[in-house]
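Have a look at these structures, which come just after this line.
Next come two complexes built around chain A: one with chain B, the other with chain C.
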Partner chain A sequence: MRPRSLVPLLYIIFLFLPIYWLVAMSFKTTNEILGGFSLFPQQWTFDNYLTIFTDPTWYWGYINSIIYVSMNTVISLAAALPAAYAFSRFSFLGDKHLFFWLFTNRMAPAAVFALPFFQLYSAVGLFDTHLAVALAHCLFNIPLAVWILEGFMSGVPKELDETAYVDGYSFPRFFVTVFIPTIKAGVGVAAFFCFMFSWVELLLAKTLTAVEAKPIAAVMTRTASSAGYELGLLAAAGVLTIIPGAIVIYFVRNYIAKGFALGRV
Partner chain B sequence: MSLELRNVTKKVGGETHIYETSISFDVGGFNILLGATNAGKSTLIKLMAGLEKPSSGEVWVDGDNVTGVSPQKRNIALVHQFFVNYPHMTVFENIASPLRVQGIAKSEVEARVEEAANILQLGPMLKRRPQELSGGQQQRTALARAIVKKSKAIFLDEPLANLDYKLREELREQLPALLSGRGTVVIYATSEPTEALLLGGRTALVYEGRITQMGGTTEIYRTPSNLTSARVFSDPPINLAPVTKRGDRVFLGEHLSWTVFEKAAALPDGSYTVGIRPHFVTPTEPLDRSVALRGRVQITELSGSESIAHFAIGEQTWVSLATGIHAYRVGEEHEFHMIPGQCFYFAENGELAAKGRDHV
Partner chain C sequence: MKTETQRGWLFVLPVLALVAFNALVPLMTVVNYSVQETFGNNQFFWHGLGWFSDILRSERFHAALGRQLFFTATILAIEVPLGVAIALAMPRKGIWVPVCLVLMALPLLIPWNVVGAMWNIFTLPDIGLLGYTLNTTLGINYNMTQSPVAAWATIIVMDVWHWTSLVVLLAYAGLISIPEAYYQAAKIDGASNWSVFRYIQLPKMKRVLTIAVLLRFMDSFNIYTEPFVLTGGGPGNSTTLLSIDLVKVALGQFDLGPAAAMSLIYFAITLAVSWLFYTLMTKDES
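Entry: the complex of A and B
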């Protein structure tokens, strides 16, 4: 092995160390974790995973998260597709300013919006519903999706639209049956980022839910405080939290490469 | 079928893209829009296709005012310069798509797609996707999609510009036969004068948002009605130089002069602009009566079996086009021969005053 390839190898080991540690911990008992340093689990245990899959407060955390993340992804794309089309195809008064302003929503920390959202949703009876979190996450996911999709859409020549109209396609039919399939890579990338950002967002999700729509991240923090040191259980929950993201990224990895080529990811 | 623009203008922002234009096109032969890039050919096509609305004026098809009618309802076809196909559909689905949108029965769709594909030699490609085809095949797919529906008008916006030389020639030969006898108005935009001459038909010359002349392609090539038309319809560019006419002699600069006859001789004395096409300025002495020009060769090009030389006489730059390969030395003086009988004389307002061969 040439010494040159040692550098990336060391870097990859460095990156994987915390993930490895998490996975190793999830198969240890809490006593062993607290007992001292061990590279591999001395006593393999699947109890941690068993608890998560059998205890409703645990597995409902995952289900809740998946529900609002999916809702958010659908809503974000449904809103961002027409918006991105408008930005890429038409010029209108203040279009560039609006495009930039959309983006500034991403720049404010979520904590800024937590209080107004909490009050607003409590007032209209949306508090502790999946829809509440899904809508709140739209605040930063729609601008992101618009930005990604606009890049992909601008890569499609306007002549495609014109050809379709001349061929007799109505606008909605063209948009759904020709245009969206043409930029499906962009839709995939946008969906992935919406999914990821919604999945990892904790503050809004925690603030806007209590029992019914409680996300997994909130379940994890509460367990840590009430039941003492259940570190093995927490590690198992952490591993299960990484898995959906890993699965999604596997499916869109080629599209993301395309997105990078377009300079939009 | 007929297609007509009546007093159409197009302004975008404060800029005028098309000045007031009235023009009509008929079935039979090619209707060519010839002009440089950005002259307004594509805008004219978009106005006729309904993809853009005129700022004023009307568009008429078959005696109906269709100005406000959307392109979907105009029953037209369009082929772009870039190979525009639906990337996620197979070639078959691409060609079938205008028929599918119309809701035509499946068996008829299949028969008509097959017919169009056979005409354009796309039979073996039907199951592939456009990206898997060569440029020529992609453009043939676009052409097949244009002819598969029985449209009132077919617009071809520089359809061959992005193809390589060989494919362009091949497809250009096939096009007239392909599009004639379909009862549709064929409008073909090109920036190449040579292409217009090869396709024949009728030509409208477009220059900076105006149509400067319209008529049979060869007629307007032979008789450009003004300076602009002469410039637009010449490749390499037409030679233009200021001359003075006194009696039956025309003087170019101090040393050159020649006798004019008939209509040119009858012109009142004064200043004119003489125009002569590059192929009437040759390095060898022609059989016709000619005038010798001495100029310093600046640039030479070979184009196929033709030689092009740009040379300077004083401040004036001239272009010579001759068949055969001629060895010019750049920077050296060379003698060229101009045929005065082939000159155009333009009056000071730019209108054609007389042609040198009016006496022939």
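Entry: the complex of A and C
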């Protein structure tokens, strides 16, 4: 082992210290946690996880989050695919300004929009639905998806489009059956980033929901404040929020690094 | 060559409709509030630009902005060089590459409030791994709820923990795109490690690093959830960053006018600085 491979190793150890502590806490009983410091759980318990899997408020939190994150990923990609194609293939009036404007929406602090979002989605009758959160997250996910997809699409030679027309493909048929499969790695990367940013966001998701579509993050904050010091339960819930992300990341591991490299600002 | 056609607008229409619905309506709501005064009961009165001049002169806003700038500057100064250094030390091929990438990307996928809660549990002075080690094993007095220095150190280390991986992934993506021939040429010329870095690796990473700096600037400037869960802005107001202050004004005190004016000033600063970064970092290309 060369000395310089120590750097990534040390970094990964640093990353995993807080995660280890969260996992360790989730297997401890409340008495043990409050009783004092222990590096490993002394009395292993699965009660914290059992509570989450048997209490509907808890597990519905996860289901709600997964529903709106999936909806958001589908909506973002469906809208971003044609737009990215236009940005990579056509030049039209105001295209550069439009591209920059799209990107400025990523700069707006979510805290700024919280209250107006609440009013807007209440006014159109979508408050406390999964669709509301999925649509709201489009604000920052669509610009990112357009940007990533445009990078991948610009890497595909234009001859592909032209050959398809000569072969008599209609545009929609070409786009769906030829073009999208060509850039499927890009679609994967874009889907990954949409999933990621929608999954980790809390402020808007919490503002736009009350009961029916309450995300797991909001269930956790409520527990943190009302149940006092149930750290073990909170830790178990936290551990379970890491798992979907870990699964998704495993599937796209080979494309993550490439995705950003091919995009452009 | 791109085809010159206005048909492009047809393709971007869905994106335009979705983003405009989410961006323009709330933005106009904020603009609307920012020029009005309300005394409750849904009655609003014209207030002109009064809130804007109040905010721009308010000490509280200056203090929050100062803390925000300090936070963003500090994390950029740590995360960008550290991320590049880690990317340089990563293996280029072999089975360890995907393992490293997956493990490093993990913090990016943890919900932000869980990041805050996790660091809270990690740093508790009596039962947290870090808190206990510092206080009991090393004998350093460390308590976030009492010492502003400890609170600051913790939110900065937390952000480094959370986001350095993004810089690593981007810098690494730039590095692996360098053809092997470049390194061989440098080797024949007898170039030192430093010159390889300065004249081959750094220029090739420039574009991805621009993206990294921009993304890290925007996201750290808008940071809310993690420090809010971890310190709640305290002790006192010592870690009250701009977003936290804004939410206090808007939802805590329900002062819609000042909150809206503050939002717009905040947004304008983010836009201006992002534009400045973007122009400075890409000016050689044109």
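Here, the second predicted complex is superposed on the first by the 252 of 265 C-alpha atoms of A that agree within 3 Å, B and C clash if a C-alpha of one lies under 4 Å from a C-alpha of the other, contacts with A are read in each partner's own complex, and residues count from 1 in each chain.
Convention: a residue touches a chain if its C-beta (ideal position, glycine included) is under 8 Å from a C-beta of that chain, and two chains touch if they have at least 3 such contacts.
It should be emphasised that the depicted structure is a prediction, and the values quoted were computed from it without experimental measurement.
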Clash or fit: what happens to chain B and chain C when chain A is overlaid? fit
Would you check which partner chain A:89 touches, where first means chain B only, second means chain C only, and both and neither mean what they say? second
Let me test your reading of the model: by the given contact rule, A:25 touches which partner, first (chain B), second (chain C), both or neither? second
Would you sort A:200 into first (chain B), second (chain C), both or neither based on which partner it touches? second
Partner chain(s) touched by A:168 [first = chain B, second = chain C, both, neither]: first
According to the stated criteria, A:159 is in contact with first (chain B), second (chain C), both, or neither; which is it? first
Take the Cα centre of chain A as the vertex and report the angle out to the centres of chain B and chain C, nearest 10 degrees. 90
If you tally the residues of chain A touched by each partner, is the higher count for chain B or for chain C? C
Touching partner for A:40 - first (chain B), second (chain C), both, neither: neither
Shortest Cα gap between chain B and chain C in the overlay, whole Å, is 8
Please report the chain A residues shared by its interface with chain B and its interface with chain C. none
Touching residues (chain side chain A, partner chain C) in the complex: 4-8, 11-12, 14-22, 25, 33-34, 36-37, 39, 75, 78-80, 82-83, 85-93, 95, 98, 102, 104-117, 119-120, 135-136, 138-139, 142-143, 146, 158, 196, 199-203, 216-217, 220-221, 224, 231, 234-235, 238, 241-242, 245-246, 248-250, 253-254, 256-261, 263-265
Within the complex, chain B is touched by chain A residues 157, 159-160, 162-170, 173, 178, 181-182, 184
Sites on chain B touched by chain A in the complex: 46, 49, 51, 70-72, 74, 76-78, 80, 82, 84, 86-88, 97-98, 101-102, 142, 145, 149
For chain C, which residues count as touching chain A in their complex? 1-12, 14-16, 18-19, 21-23, 25-27, 29-30, 85-86, 89-91, 98, 100-114, 117-119, 121-122, 126-130, 132, 136, 161, 164-165, 168-170, 172-174, 176-177, 207-208, 210-211, 214, 218, 221-222, 224-225, 229, 242-243, 246-247, 250-251, 256, 259, 263, 266-267, 270-271, 274, 278, 282
